[in-house]
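Below are two complexes that have chain A in common, paired first with chain B and then with chain C.
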Partner chain A sequence: MIKKILTRALPVCMVLMGAGAAAADELTVATPNDPSIDPHYLYVSTNAAYGRHVFGKLLDRDGDARVKADLAVSWKNIDEFTWEFNLREGVTFHDGSTFDAEDVIFSFNRVPNVPNNPASYESNTNMIETITATGPYTLVIKTKNPYPLLLRRISGVSIVSAEAVEGGTTADFTSGQIAVGTGPYKFSAFVPGDRYELVRNEDYWGEQPAYDKVIFRIMPDPASRMAALLGGDVDIVEGFSPSSVETLEAREGFYVAQRASARTLWLYVDIQNDQSPFVTDLDGNPMDNSPLKDARVREAMSIAIDRDAIVTHVMGGLAESANQLVPAGWFSHNPDIDSISVDVKRAKSLLAEAGYADGFGLTVHAPNDRYVNDEKIAQAVAQMLARIGIITQVETMPKSVYFGRLNRQEFSLSMIGWDNSLTGSSLMSLSAAFHTREKDRGYGGWNAGGYSNADFDAAVEAAEKEFDTVKQEKYLNEAMRILIQQDRGAIPLHSQFTILGVRDGVRYEPRVDEHFSAMLAQPSE
Partner chain B sequence: MTLFLIRRLQQSIVVLLVMSFVVFAGVFAIGNPIDSLISPEATEQEREKAISQLGLDQPLYAQYFVFLKNVSRGELGTSFVHNRPAIKLILERLPATLELTVAALVFAIIVGIPLGLLAGLNTESLIGRGILSSSILFFSLPTFWVGLMMILLFSINLGWLPTTGRGETVEIWGIHASFLTLDGLRHLAMPAVNLGLYPLALIIRLTASGTQETIPLEYMKLAKAKGLRRRRIIFIHLLKNIMIPIVTVIGLQFSVILAFAVVTESIFAWPGMGRLIIDSINLLDRPVIVAYLLVTVVVFLIVNILVDILYSILDPRVRLGGM
Partner chain C sequence: MSIPSVQTPFKRFISEYVERKTAVFAFLLLVFVLLTAFLGPFLTMQNPYDLAQITIMESGLAPGAESIDGNTFWLGTDDQGRDLVSAIVFGLRISIMVGIISGVLAVVIGTSVGIVSAYVGGRIDNLIMRVVDLFLGFPSFLIALICLAVLGRGADKVVLALVLSQWANFARIVRGVAIAEREKEYMDAARGLALPKSRIIFRHLLPNCLAPLIVVATMNVAFSITLEASLSFLGVGLPITQPSLGLLIANGYEYILTGKYWLSFYPGLSLLITVASINLVADRMRDVLNPRMKK
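Presenting the complex of A and B:
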């Protein structure tokens, strides 16, 4: 009897559930991240991704990290310091008010002035000296220094409606009251920790997205995101765990959307300290003269690491081994840098040449909740270094603890993964992570290895000021050569892939910057 | 009674003060939230600006002092991540967790007490043994594993229940409740059972052992000898006498589940307070962590007082003034 009921009821249930998920006008996305609805509060990449749905910018970056016109239709340099923008006419905000230059100026002024903001968007505005409207749809921006990167930087400034937001707070955005932008989707509802719902903006000036409604379901646990996908409750899973890739691909009705991302992982080596905090001799005593200061030792370490093995075995093939800090095929990827091939024998002889034939002791540090398989990668690196006699311990910690210590240069060998999509080049990583620390000039804020080389610094600074992209790439390539080939100032590992789990029936093309965008999803029938 | 309440209140304030300091010092020691939140593009100057804006450059005692000053004005700080008052964030999530907790405990009580009685009255039979040994399973199976297995079975393989999330809600007295809609109940069922398994096991075992201990007592024999009906003996004479430890456990479990339903809430993507605390710890959202733990302490204190009052109702020998 029961069996009979079950066999009859089941298909009905399945059909009912399937029907809910298959509706082509609605897209449900499982994501681990709570959004900040205020587009000027908390500058982290996931918020930038959420923001793109509701808010427009002057210029944005497309899925391939190229500059793309948004609310500005054309722009030109008047001189090295001065930029003129023509704005899009006839655009309205979601509340019906008209977009003009005043909204842009208001937004740029609001960015550095959001109170209690632990991660401000102001690194995208602080190079600007003045911003003035020369007409309702023309703007002039003057920068403090020649700053060719401006066109990319301003993609970090979401344009809000001056009338709606004037005097408003972040909390007013969260309630949806003033969350009005010019983007392809409109704010519909937000329940913190649960869901964020958007509806299509029928008055959007550009190409209409495919789905009428997008629901972000906020689910921090990767296993339950996977379960929700398999159970038909969601269409796309963001932050898909690589260990589930095989399971999903084996199942009927789902696929994995993947793409090489702009994030490259590398290891910082402490080059500065004579007594590096986690370098010991083989008996565990601190060493007065850190072997890490010797470029031969750093080269030995680099060629002892089997990147292909990490890519195949740790990353399940969902990564691309790297020989420098930007992925192959990118602007400023230096083709003249040799690929790094594993050579344990040469690594040992390099160590011997440097006077450490017996090796030494070291600890590699890594976060355990930031990058794909970060902890496992660190373990693999430690074992590979042990092969050449560098007895390496692994210590991992949550990102909330890790990055503070990293920045205070508390480690000897430490992992980081840098997203290169902001500049679309190596410029940001080189100037923030390897330029000599100069607080007043804003260089070297993440120089956790204490690397310093005047020629390198000069090349980076020249690239930063250069408007001619051909010349700029030359400077960047030179800087990369000095850092990687000549000084071995960092040990590149690999570029990771963006992975999403998707239900058949939805077509999704991931962005190179790992941002999720509902505008890139379409029904596939 | 009044004296009891006043004394308890005094103790509670001391506990809260001590707790606030311990939590504050602990969170302070872990690290600086700016380091994990700030974008890698930010320069040193921007980082310093953010740190000083949030008062994080002050020494521990100064930060604690500012915190106490704010508390005396009724402010528990503003979340770094959400830029809204921490207490508001917590109270906003409270109904969802409360709903889940109550559902879990109701499940545990409704199923647990009859099963416990059954087991206690029939210790030698197969049923009794079966109940007691399966209660060990509920104790020992990890919540997250059971939760995932339930999703796998009931949602993915059988397709009966939605995998995760909170269902449709209706508003009553300004609070969103999901247990009044069918969709809400369908969503509530699995997490509530999952969360209720542990208290269920506790209640089964306590009821069973209480029953076993009470049955041979003199007054039970007297009741039987008086010729009272079996139902009356069990439900009045027996049950009332074994309720004290059970009420204690239910009270404790209520506060524990309410405050730390983290695992179930994460697996079932339930938008409750447990999720909030774990997210806040991951991002080092200090004001929320501190406020959350203080709220937790308050909940524990209130529940304990209620449990003590319940004792005196259940057992007239218990005098509140003496406690």
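Presenting the complex of A and C:
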């Protein structure tokens, strides 16, 4: 809180001081996100992005979410269950030790075993039956079931040094002691809530990044980040506010880097509970028979939401309205699903048909520091639901509180934004967020609405095992159709853009997965 | 000056109060603010707390812009499409209500505790005062922040947090005054008459402690309003769909560098006027009520 007070007072001071421009060999980035230095702790995409600077992986994804070689130089699919990898030779960790297959095995074994991990990376390793070294630079991975997406999954697993990390804890990473990877940058300093500094790894095996030194300045407040950019204090602002885009573009010496991202926002609807926690009758009493269980009510809610208005008036045009959970143009986007057009009249008659002509009470929950304009979107949604007679309240909270409660199914209507770039398809969101909860089989870990449909589950599981991509897409499209068109199991909102404010003199092209990468920044003179 | 001997204390207070023109102006301003807060909500073009009445289609409009149904947004609209005049009037009401209710509650609780503590004395006094010390040991802002972090959002919770963070001040002040008063002759007389304790405390002791209390209580309302605004600005306190002045300022803060100045400016100005007028009135009251301050 105190931090927040300071960060809100800061921009004014900084504009007054007119701080000098940053040096050319240094890149300073204003970011809202505190990093986890331990690359196996707290799986959120911002941490995955930080991790890429210091740590290598067997395979990585490029800015367009295509799989590319990293510490593995080649790989082969022996049969449905077996994969063989040849590792890069002559790579050293930042502490000078040599990279080999033992480090890979150590890292894969560490992923599910990080203590007190609020969000584990194990969804990227739990399909693996065994991982064995057949030589110092050759590996064989066997999966429990046929798993065609293995390559994409392991692009989410950072490789740490077995020698350095053995017995070490997450706190040892945070102190920098064992933050040793093979990545293009080395850990230099970290002050939580303030800054994270990296220096170039001169021994990096690949292409050297352009900047000697990268400094992430952690600034949660968007106005502070903007002021820091205008004041010449930082070169790039991550999480740039759409409302400031016009202002920045009008300024001499700055530009906005933007790109449609693979992240789609939707609303979970509590379909499971007869007595949904935040559904009330008109007098504010809990209801025994939740209206949200009625598909007509869910459809009414969906067509009450004017997505184009949200895109134009809340997102400043920097988003694309969605009718399903993957953006158009992506693999497994189902072209046969109708676009959702706003129709207040029909929404009201659907509510009446379901027996709720006078509406009911509902609270929409959302984080207030996770997605672009999340809090404002929630309020806009509430306005639109209010217009069809649903008496809607809005409750927002920081992501640190929000996601825990979401996963305990404590909400009735709740917002989430899902990045589809890891699997490059709808598979990850469908299997994690809508497949019936089956923890031991690794399904439904994020199923906050309690959606469950056997046909849907079968389609998702078939897609997951299918090596033929044409067939796989068919299964995924079928699953999406069941979820969205038939069952109205989720209410899609829009796909957001990744937006950065950049100083002239720095060239930056955003990644489709919204991950910030200093390796993509270059001086433009 | 008329003849002092026929003046009641209240009349004397009034006649002295009006001697300072700024104080009269501040009082009139305060009356205007209060009328706006309590009558304004019946006159505004929309109820900004009713989500069905606002639309993001009208968000971020400049002052003087026209609404879809032909009304004029004199001060523009905020980022959710609320008419800023309506939002300020409703926000003012909620800010002042929270300020007054929590201020009065804190005064009542603090005064009761302080006066009882002073009159009873001894071990109980000691115990009570240590509790008071404990509360005074933390900044009131911190106490309120912790309370709201635990309790969540809502006007009732804000009031509770503000009372908890401020009652100790009053207990301390009242106890000081009451201890001095306790030793005076009229108290001996009251005790000599064997009046019940409660009667002595509340009919004899309390009225004689009132003068300083009135001043501090008035100032406290202003402080409560500021405190509530600060809490809302930081995103704890009132629900986001029912913005008080502090929340309106916070909402507009994001746009401060984008030229949409009205989003924060007018709510900020309203807060400034409200708090300044209360403080000026309280200031003058202190001058009049405190004989030592007289020239």
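Definition applied: the second predicted complex is superposed on the first by the 445 of 525 C-alpha atoms of A that agree within 3 Å, B and C clash if a C-alpha of one lies under 4 Å from a C-alpha of the other, contacts with A are read in each partner's own complex, and residues count from 1 in each chain.
In the analysis below, a residue touches a chain if its C-beta (ideal position, glycine included) is under 8 Å from a C-beta of that chain, and two chains touch if they have at least 3 such contacts.
Keep in mind that what you see is a predicted model, and the values were worked out from it rather than measured.
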May I ask you to decide whether A:Leu230 touches chain B, chain C, both, or neither, giving the answer as first, second, both or neither?
both
Which holds for A:Ala382: it touches chain B only (first), chain C only (second), both, or neither?
second
Between chain B (first) and chain C (second), which, if any, makes contact with A:Val314: first, second, both or neither?
second
Which partner, chain B or chain C, is in contact with more residues of chain A?
B
Is A:Gly135 in contact with chain B, with chain C, with both, or with neither (first, second, both, neither)?
neither
Is A:Ser36 in contact with chain B, with chain C, with both, or with neither (first, second, both, neither)?
first
Which superposed partner A:Gly355 touches (first chain B, second chain C, both, neither)
neither
Scan A:Trp446 for contacts with chain B and chain C and give back first, second, both or neither.
first
Where does A:Pro286 make contact in the superposed view: on chain B (first), on chain C (second), on both, or on neither?
neither
If I apply the document's touch criterion, which positions on chain A are contacted by chain B in one structure and by chain C in the other?
223, 227, 230
In the complex with chain C, residue positions of chain A that touch it:
1, 4-5, 8, 11, 222-223, 226-227, 230, 241, 243-244, 246-247, 309-310, 313-314, 368, 375-376, 379-380, 382-383, 385-387, 392-396
Residue set of chain B touching chain A in the complex reads 30-47, 49-50, 53-54, 78, 80-84, 89, 92-93, 96, 144, 148, 151-152, 155-156, 158-160, 162-166, 266-269, 271-272, 275-276, 278-279, 281-284
Considering only the defined contacts, which chain A positions touch chain B in the complex?
10, 13-14, 17, 30, 34, 36, 38, 41-44, 114-120, 122-123, 126, 169-171, 174, 191-195, 217-221, 223-224, 227-228, 230-233, 369, 398-405, 407, 418-419, 422, 428, 432, 437, 439-440, 442-446
Which residues, counting only chain C, touch chain A once they are in their complex?
50-52, 54-57, 59-60, 79-81, 145, 153, 233-236, 239-241, 253-260
